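To start, the structure under review is shown below, and the notes come after it.
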């Protein structure tokens, strides 16, 4: 069984990002939405942690949230962009979803 | 001129506590309210930083908020407890107030 | 799905309620507890997890008189009467806050973060507050 | 108080609006901007500070079409027309986020955290969003 | 697949209610069934018909109402959370002795049991909040 | 001294409105003048008369109304923030074509200029929020 973890908080402001990375298991997926997308931006401490986690975990980001924050072109390699339909697919493809609020 | 800084966030959950400590100047005061009182509890990383800041800055905590969280008797030495009237006095005694929300 | 059929034809699912926020500063802890109490009537397989600031929810000695707010912390003690007995607390979260099991209102099982991650993956429904 | 008397008998105070939150995830950035725009009519001495995630508010290239939300970021460019020209950004906050002045929508003055602390202490009214 | 959605924050203040709406719409477009959208905590504030957002911005409440009409969605506002925050329908207003109500079309007020039931009946429950 | 208070969060959801109330009451007890209490962001939700909190808990809206009556407090709800969130008085409801209003006694709806004015006129402005 694998899980989908969603993160909607900036890694600079809240501990949700770090707490999620502590609890994500191999084979699971992380979807960054809302302010969570800042966690995948180049040149930040969060992205370094995320890159390390990406050996075991698939990382996605919601495209509309990336663009509304002007972060398009700034994400680290390996983060896959999805639209809202892709978000729905990730939910149905995983056994359960945990929102790191 | 000296300032009163209020912190109402847990240092574990948000960056308000750390950001306040970065911006507080010698002679100013910090008042911990609401979830901010966790920042002064013994045996935590926040309290170590706060103790270092206390050489230059007076630190207060709102008693009602300490008690409602069961943290009475757990605060580090040197943190002065005030009631809501004491909160009012701190506001009037300092030139301005910045709330680290 | 790990559904089992009950005699009435209903499903039994594993529900995990994850509490990550401090009490009082926001209402999430209180309203999470209200969900948990209601869930007891549905005869599901209910677990509660306390991680990060959520461990503060079940700290002893909460006294809300000075803040003139209702004290809901004794309600955690009532969970047992609703047959909600699987309470898990994360060790790393307690350690970082200078807390031990003796500081808690209710009997709990202490899990490491790794064990907590295993628990999450074994659930059908995870609600986080 | 550093009040000065204007001809009309009014006071001029130093107002500092501190922006510490990312835009879009919450409404604080947008509603803070609404306060700043209104304040222009009162002929006070207005400064804006962007620290922590607040620096994201004035990042270039924000495109809100996909999220179907109104894009308010161009409004920061209009501040100059309201004679609101003192915009300060904290260097440490930009550095931690991999941002430079070239990434910003509007001309700003970059301050260190220490200089930002000095700015705060020199104000009459500090509002934080 | 049968999905349930939990919305924990009010309109405009947090992006959560926007994301929940766009997720729900996308799920319907993909042919999934939305068993229920449950509004809890400040999420109950999505269900007031008294909002008047700026004309050049989205109307979050109206969007929910229209989506519900189009797809026969079950939009449930938690009664306990709604009472604390002042969201009432006609029955509740009468029962509580209030002189007005503010629930928006397409929403109904009910108990927390509806959330648990959604967790049981739906194949997936997705939470949007702060 | 002359104080002004800014409340940025709604009742119950965040402790901010409790702290603001207890601070304001303490300031009045100490003989200070409260120039104005301004409600912004979700703080406007403090001004709805439709709340029905549990009987064994505090009634946050009623407390503000009573404190305002006793001390002739000026409780101002920001009109722009209120429109987004569905807080209306009778005039606003009429102007916007809404069939109900929900403002609580003792509160009035006005513009953001009232907040700036409070900052100018009061000796201190204190902010409570999230």
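For the reader, a short list of remarks on this structure follows.
Just so it is clear, A, B, C, D, E and F label the chains in written order, and each chain counts residues from 1 on its own.
The rule is simple: a residue touches a chain if its C-beta (ideal position, glycine included) is under 8 Å from a C-beta of that chain, and two chains touch if they have at least 3 such contacts.
Note that this is a predicted model, so its numbers are computed, not measured.
With steps allowed only between chains in touch, the distance from chain A over to chain C comes to 1. Of all chains in the assembly, those touching chain B and also chain C are A, F. We define each chain's centre as the mean of its Cα atoms; on that basis chain A and chain B are separated by 33 Å. If you average the Cα atoms of chain C and of chain E, the two centres end up 25 Å apart. In chain B, the residues that touch at least two other chains are 8, 12-13, 15, 34-35, 64-65, 83, 96-97, 99, 101. Looking at chain D, residues 24-27, 52, 67, 69, 125, 128 sit in touch with two or more other chains.
Residue positions 12-13, 15, 22, 41, 54, 80, 123, 125, 127, 129-130 of chain E each touch two or more of the other chains.
Applying the touch criterion to all chain pairs gives A-B, A-C, A-D, A-E, B-C, B-D, B-F, C-E, C-F, D-E, D-F, E-F.
Touching chain D in their complex are the following residues of chain B: 1-3, 15-16, 19, 22-25, 28, 95-101. By the touch criterion stated above, chain D contacts chain E in their complex at residues 24-27, 67-70.
The part of chain E that touches chain C in the complex is made up of residues 6, 40-41, 80-81, 111-113, 115-117, 119-121, 123, 125, 127, 129.
Across the interface of their complex, chain E is touched by residues 6, 8, 33-35, 62, 64-65, 83-85, 87-89, 91-92, 96-97, 99, 101 of chain A.
The residues of chain E lying in touch with chain A in their complex are 1, 3, 8, 15-16, 19, 22-23, 25-27, 29-30, 32, 123-130.
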